[in-house]
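Residue numbering begins at 1 within each chain, and the chains themselves are lettered A, B, C and D in the order written.
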Amino acid sequence: MIGPSMIGSVAIEAVQMGFVLLAAPGLVGIVRAVKARLLRREGPPLIQPYRQLARLLGKEVVLAHNASWLFRTAPYLILALTWAAASVVPTFSTHIIFARLGDLIVITALLGAARFLLALAGLDIGTSFGGIGASREVMFASLAEPAMLMIVVTLAIAAGSTQLSSIAAFMLSPALGLRISLAFALIALGIVALAENGRIPFDNPATHLELTMVHEAMVLEYSGRHLAMIELAAALKLLLMISIIVCIFFPFGLGGMGAAGFLTGLASYAAKLGIAAVLLGIFEVSIAKMRIFRVPELLGAGLMLGLLATLLLYVSRSL
Amino acid sequence: MGLGFDIAHMLAGLMVLASLLLLYQDRLTALINVLRLHGLILALAVAWQAHIQSAPELFVSAAIALLVKALVIPGALDRIVERLGIHRSVETVGGIGLTMFAGMALVALSLRVMLPVTAGADPVSRQDIALALSVVLIGLLVMVTRRNALGQVAGFLSLENGIDLAAAGARGMPLVVELSVAFSVLIAFIVIGIFLFRIRERFDTVDLAALEAFRGERR
Amino acid sequence: MIALAAVLGVPLAAAFLLSFIAGYRLSARINGLASFVSFAGSLLFLVHRPAPGALFLVDDLNIVFIVLNCFVGFTTSLFSAGYIGHELESGKLTPASLRFYYAMYQLMLFCMSLALIAANIGLMWVAVELATLSTVMMVGIYRTHEAIEAAWKYFILGSVGIALALFGTILVYLAAHPVIGEGAQGMLWTALLAHAWKFDPALLDTAFVFLLLGYGTKIGLVPMHAWLPDAHAEGPTPISAVLSGLLLNVALYALLRFKILLAACPGAIAPGPLMIALGLASTLLAALMLYRRRDIKRLFAYSSIEQMGIIVFSFGVAGPLGNLAGLLQMTMHSLTKSAIFFSVGHVAQVKGTQRMAEMGGLTESHPLLGWTLVAGVIAIAGLPPFGLFTSEFLVVSSSFSRAPLLTAILVLGLLLSFGALLLRLGKIAFGPVRGETAPVRASSAPIFAHLALVLTAGLWLPPPLVAWFRHAASLLG
Amino acid sequence: MILVLLAGTAVLLALALAGAVVKGQGRSLYAIASFVAFLSAILALVSLPARPETLVLPLGLPWLGWHFRLDPLSAFFLLVVDLGAASSSLFAIGYGRHEAEPGRVLPFFPLFLAALQLVVLAADAFSFLFSWELMSLASWALVLVQHRDRESIRAGYVYLVMALLSGLALLLCFGLLAGASGSYAFSAMRLAHPAPGLAVLALLLALIGTGAKAGLVPLHAWLPLAHPAAPSQVSALMSGVMTKVAVYAFLRIAFTLLPIPPAWAGLLVTALGGITAVLGVLYALMQHDLKRLLAYHTVENIGIIFIGIGLAMVFRAAGGEEAAAALALTAALFHVLNHSLFKSLLFFGAGAVDRATGTRDMERGGGLIHRMPQTAFFFLIGCAAISALPPLNGFVSEWLTFQAILLGPGLPAWGPKIIIPVAGALLALAASLAAACFVKAFGITFLGRPRSREAAEAAETDRFSLSAMGILAVLCFLAGIFPAAVINAFAPVSRALLGAAMPGQSHLPWGTIIPVAAARSSYDGSAIFLLILAVTVLAVAGARRLAAHAVRRAPAWDCGFPDPRPVTQYTATSFAEPIRRVFGPIIFGAASIVRMPPPGATAPAEIETALHDRLWEIFYDPVAAAVARLADAANHLQFLTIRRYLFFVFAALVMLLFALALQR
């Protein structure tokens, strides 16, 4: 098994894992910058998220008296799970060594595991904010995850696989016509991605001390390096969801071989990330945050879209 | 056929008539009198059967019938009525007309049931058994339509008379005497029961409604 | 001959003797001894059967009933020794009525054995009638309003039933008459059965209607059942045990005999549908009645009606398995129900009442009584490891493929009745302790003996026993 | 082999007898039971790939005997049974010390174990039902251990009635299969070829009979009542093992005794499974009794298992889809094993909490992670496993089920095309709700601050209980990271049932599972675990290298308004409130009344939430009401006059005579 191709895959994997970790805060920076520009504000510089992480790492950790071991280990595990999930997604090349470790369902589950820990950590100190965040988070997730899986079903029927690399290959193949169900799936996936990352209209990542907040309420008690891990994991998750979307629906430049293909892939991936960040910024500025109990309706719509996409797929296939 | 059959037939028919009379009565004393008549006819019928079947043991049966059913029991019932001072009219369920009609229907039913199935039997038994069934059914009807314990006893007695008649009519049936003795014991128990259970003392009346205030579980 | 003397003669003699003995201990001993002798005598039938005669007949069918009859009679006599002692102490019975009780007890056993062993349908009828009379006496022995009402109801309904049965018997004779001719032969089982194929089927049908209703009254089939619950509830508990465990069986036996006769006559209607209909009606109605019972003995009396319904249903469905199941169910029910009544009798004595509202937590206050009651109810519900499971298994599984809808109704009845019994059991045997908690001198041997037999039958049925039951079942057609 | 296994069962029966007489807490009794069950488990594992063995004992009906058969299916379920039995007996060595009335537990516990083993080994209708009912009875007695409790009695009542319903349905089913001749041995039933209509009827009866025992909605109502009422080692057995025995019974009947049922039957099972899964978890979310919550989760997991079984039936009926059927069946079997492991673990944890705090009410828990760290850790593993989080075992089986679902749309018929993806959506919904529910279960019970004095003073449980939990946690973990080994071990079962197995996974590196094709989907449990481990090490190392090490303990921040009173924490009820608001109106008919004081007033605001158990209202209340009405109506018959009773006799006679007259 160990041959040149394997060494290449390992190398690509290493590059990818490093790249995503490094690029994630930058992506957040771009989104923030775009939003600030659109609101005619100066806005922070693009490297502000990196600075923030560095400052957090340098600070001492303030732990509540009754924090348990779970509270202290959770940040690392959350980061690790998110990072592991990211390492399975083909971002700029399908030839990554971990591609076979799991499919889209596994990725969803890894993110689910991270969320599980985060919600527990939110409950650990026993504050009302932690509880609010955790309970709302699991409510969102309980609808977002099925929606995600319905998208997987649609893709699996269309592409005959749940493996991201196979799906990407299918999307690149000329056999693909324009399918209404794939459009539905894209919309649904967009909804899920926004929900998963706690973006507007689901949650506002920029707020604190607001009763509607979700993610920030859970991590309220974290500080220092723990908070840094969690912030990094959150940024990574955003990047991950965007990566999944582009990998499935815009897999251009993904299939290349050799050094040239590798470089094209990397460049196109970076470009795609940038475009996605700008679009996200524009979207967030142009829409208001929802009331918390309107959220399930939107997520439910996502779930229904996923199911509808599956059913429509039969129609378009039987034509 | 012949005279033997005609007389047997007539006696059996008279029993049905007496049963219908029983159904018609709504006064206790009259009821007991009809019962006496019923027993008497039974005794005659059984004796006649003994004669035409030349079965001497049936004479014993007839004698028992005469003694117990025509004399002792009606007499005992009379004494109960007297001793317990029961009000004399018997409350019946449904009008007399309706019950009479039902009685007629029962006679028809029993003929319809019995006559076809006894085609193989000899004619004396045949008419006997058919009419006996009428008597039995009417006896049951009497029991069902009388609210008074004595009325029910009367019904039961006539029912038994019907069965006696059937037993006597079944030619050569063994154990008839034993059966009629056993039956007499049963009836005697019923009558004694009214005394023995001191229904009068405990319940003030022989009317079943009072007795049934103590039906199970309603405490 | 010895066996016959033991089974019939001893009880009769004992009845006579006991009517003169006033001492409680002595009469209890004589009662137990006499019952034991007749039980031992009945066992003799197993090894040697008397030749069928004009009066007595012992064959494969009734030997099951006879042995069972004598056994339960014996264990009940043991139970009643302790039970009646308590009744004397508590003043519910007077020494005079005690003498009456023991004499009647033996007389009752005699009548029932006679009914089972009689070779002549007339003699059988007389025996059943006498058994009715003697049990009526026993039911009314407390002389309370309720007891007399119950006895009176029993008496009237029983008498009407008995009268109908006699009419049916006469009709059978009439059917036999043209074939067999006059005389005693026309009422003899063996002769009847041998010539049944020549009888007029229409007449036999009519006869069966009367016999079914007549003896069905004594079996406690709906709608003739009304006497049964009150008679069980108001009489002394040993009599309840005997009624449920024995008397119902005797009437059932009589019905089965006539069923065989019908089966042997090719043109006659199959008695199955009638029996199935009455069986189902009994099961369903009794199951519903269980829900509103407040008196513990009445509760189990209704359960007897339900069980009789199952048994009659099973015989109605017939077939080799159906009949076998019916016989097995009947045997197991006798043993189980009498064991339940033994427990219930002690419970009622200790609590001083039969009202279930005043009982509770028996497994805590009286573990022995409580757990045997639990075991009894489990057994009567047809759950393993008890023998009724085996028979209900056979009843339901063998009849479902033949009559699916009817069996479904039966199953509904089973479920309903179990629901009701369990509801009561939960409150009586478990939950907080209610009522008196004084210890009880329970005669536990009869209870354990019965339950052990039922348990053994659930785990293992001796092959000879089953072979014998199968033969009896094959007689039933 | 089978003789040895039965000897083990006999030892357990002997223990049951000993339990009836022994005084004390019966620790040695539990120890022996644990040992025997452990040996049986090993034997079962060994005999999984072996050839079937049969044995007939001269018990029960003489012409039938008690047939026993050890084939791969029974060996697999025997393994599940004995794993559960061994661990719960081990747990009980410690846990049983606290039993107030051991006399009510000791005779029935070994009896229950023995009955469970017998059901799986039985090979004729009689011995099967015998053991089946015995299993119900023994567990019923155990449910009634807290017999003074009104709730316990009610639970026992509902339980046993449903158990009898289940037994009777199975009895009818076997009656159909055996026919009038009464060929009750399974080997004879296999050879009989019932008419298609009868076969479907038998299947439906089997579904009712086993569904009522397994807890398929709407026959599940007894389960959340009965399971929590029993002592915890018994709850674990009832939830983890007994429901699996019901699954076994369904597989036995549907796959080996009946001819291949039509596809719609499989779809029905799938749909029921999906509905059961979602409703089970939604009801679980609404609970605040920890054990009842776990019991509702059993309902959910049974739903997941039945989805797998239903899919296997659909694929089997389609013909030519053996591989897909084998995948679905393997998924179901894997989930059977998994659920028995983690549900036992969770019930043990709940039992330990119950003993430590004296309550199962989560609202009185909190902060136990500090007082009972080991229990908390094991419980967390169980929570993660049941929430289907990688790399634990629960994820593997749900992933496999999902892979089977994804094959459904490939079938030509439209029924499966539509119903199977919907079942997939239900499964996904159930899985994510389960995660939500276990965040709640663990978070409210173990995290936060203690909500009661008992919780604040709780002590860690004993070492037997801990070791039982530890062993199960390790097994959950191992099954999660070496799924290929587990799947290979199941191969004989699906070969025996379907004639095909999932393709062997042993030749793949890293113990990867590839259900259909590498390009389609794959999962590598051990690699994922190693990846997570490596990345975690990397993150921790990175943080050590880069970050400041200083840690300061301080009061909680809580946005600057910390309130030391524990009542300010989220409770189980408030945690579930968002989900209740989403699903409540439809499923529970939930209604909340909020009473706000007028502005300026200092009175507290009040909220009142009423939930309806709609399933109970739809399926059970009408039955109960109908029975009550009928019983009331019938009860009038007790109070009639003699004359009326005579009238009944008279009417019956006249009617029958009429019938006779009309007949001719």
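As a convention for this text, a contact is a pair of C-beta atoms (placed from the backbone, for glycine too) under 8 Å apart; a residue touches a chain by one contact, two chains touch by 3 or more.
This structure is a prediction, so every number in the text was calculated from the model and none was measured.
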Two chains sharing the most contacts, counting C-beta pairs only: A-D
Interchain centroid distance [CA atoms averaged], chain A/chain C, Å: 77
Whole-Å gap between the CA centroids of chain A and chain D: 35
Centre-of-Cα separation between chain D and chain B, whole angstrom: 68
Distance between chain centroids, defined by C-alpha means - chain B, chain C (Å): 31
For chain B, residues contacting two or more additional chains: 113, 116, 140, 143, 152, 212, 215-217
Multi-chain contact residues (two or more partners), chain C: 152, 156, 160, 164, 202, 205-206, 229
Two or more partner chains touched - positions in chain A: none
Complete list of chain pairs which touch one another: A-D, B-C, B-D, C-D
Residue numbers on chain C that touch chain B, as the complex places them: 120, 122-123, 125-126, 129-130, 133, 136, 140, 145-146, 148-152, 155-156, 159-160, 162-164, 166-167, 170-171, 173-174, 177-178, 181-184, 186-187, 200, 202-203, 205-206, 229-230, 233-234, 293-295, 298
Complex interface listing, chain D residues touching chain B: 638-643, 646-647, 649-650, 653-654, 657-658, 660-661, 664
Partner chain C, residues of chain B touching it in the complex: 113-114, 116-121, 125, 129, 132-133, 136, 140, 143, 152, 156, 159-160, 162-163, 166-167, 170-175, 178-179, 182-183, 185-186, 189-190, 193, 197, 199, 202-203, 211-212, 214-217, 219
Chain D partner contacts - residues on chain C that touch it in the complex: 152-153, 156-157, 160-161, 164, 202, 205-206, 209-210, 212-213, 217, 223-224, 226-227, 229, 269, 274, 285, 288-289, 291-292, 319, 321, 361, 363-364, 378, 381, 383-385, 389-390, 393-394, 396-402, 404, 407-408, 411, 414-416, 418-420, 422-423, 426-427, 430-432, 458-463, 466-467
Residue numbers on chain A that touch chain D, as the complex places them: 1, 57-66, 68-70, 76-77, 79-81, 83-84, 87, 98, 100-103, 105-106, 109-110, 112-113, 115-116, 119-120, 122-132, 134-136, 138-139, 141-146, 148-150, 152-153, 156-157, 160-163, 166, 208-209, 220-221, 223-225, 228-229, 292-293, 296, 303, 306-307, 310-311, 314
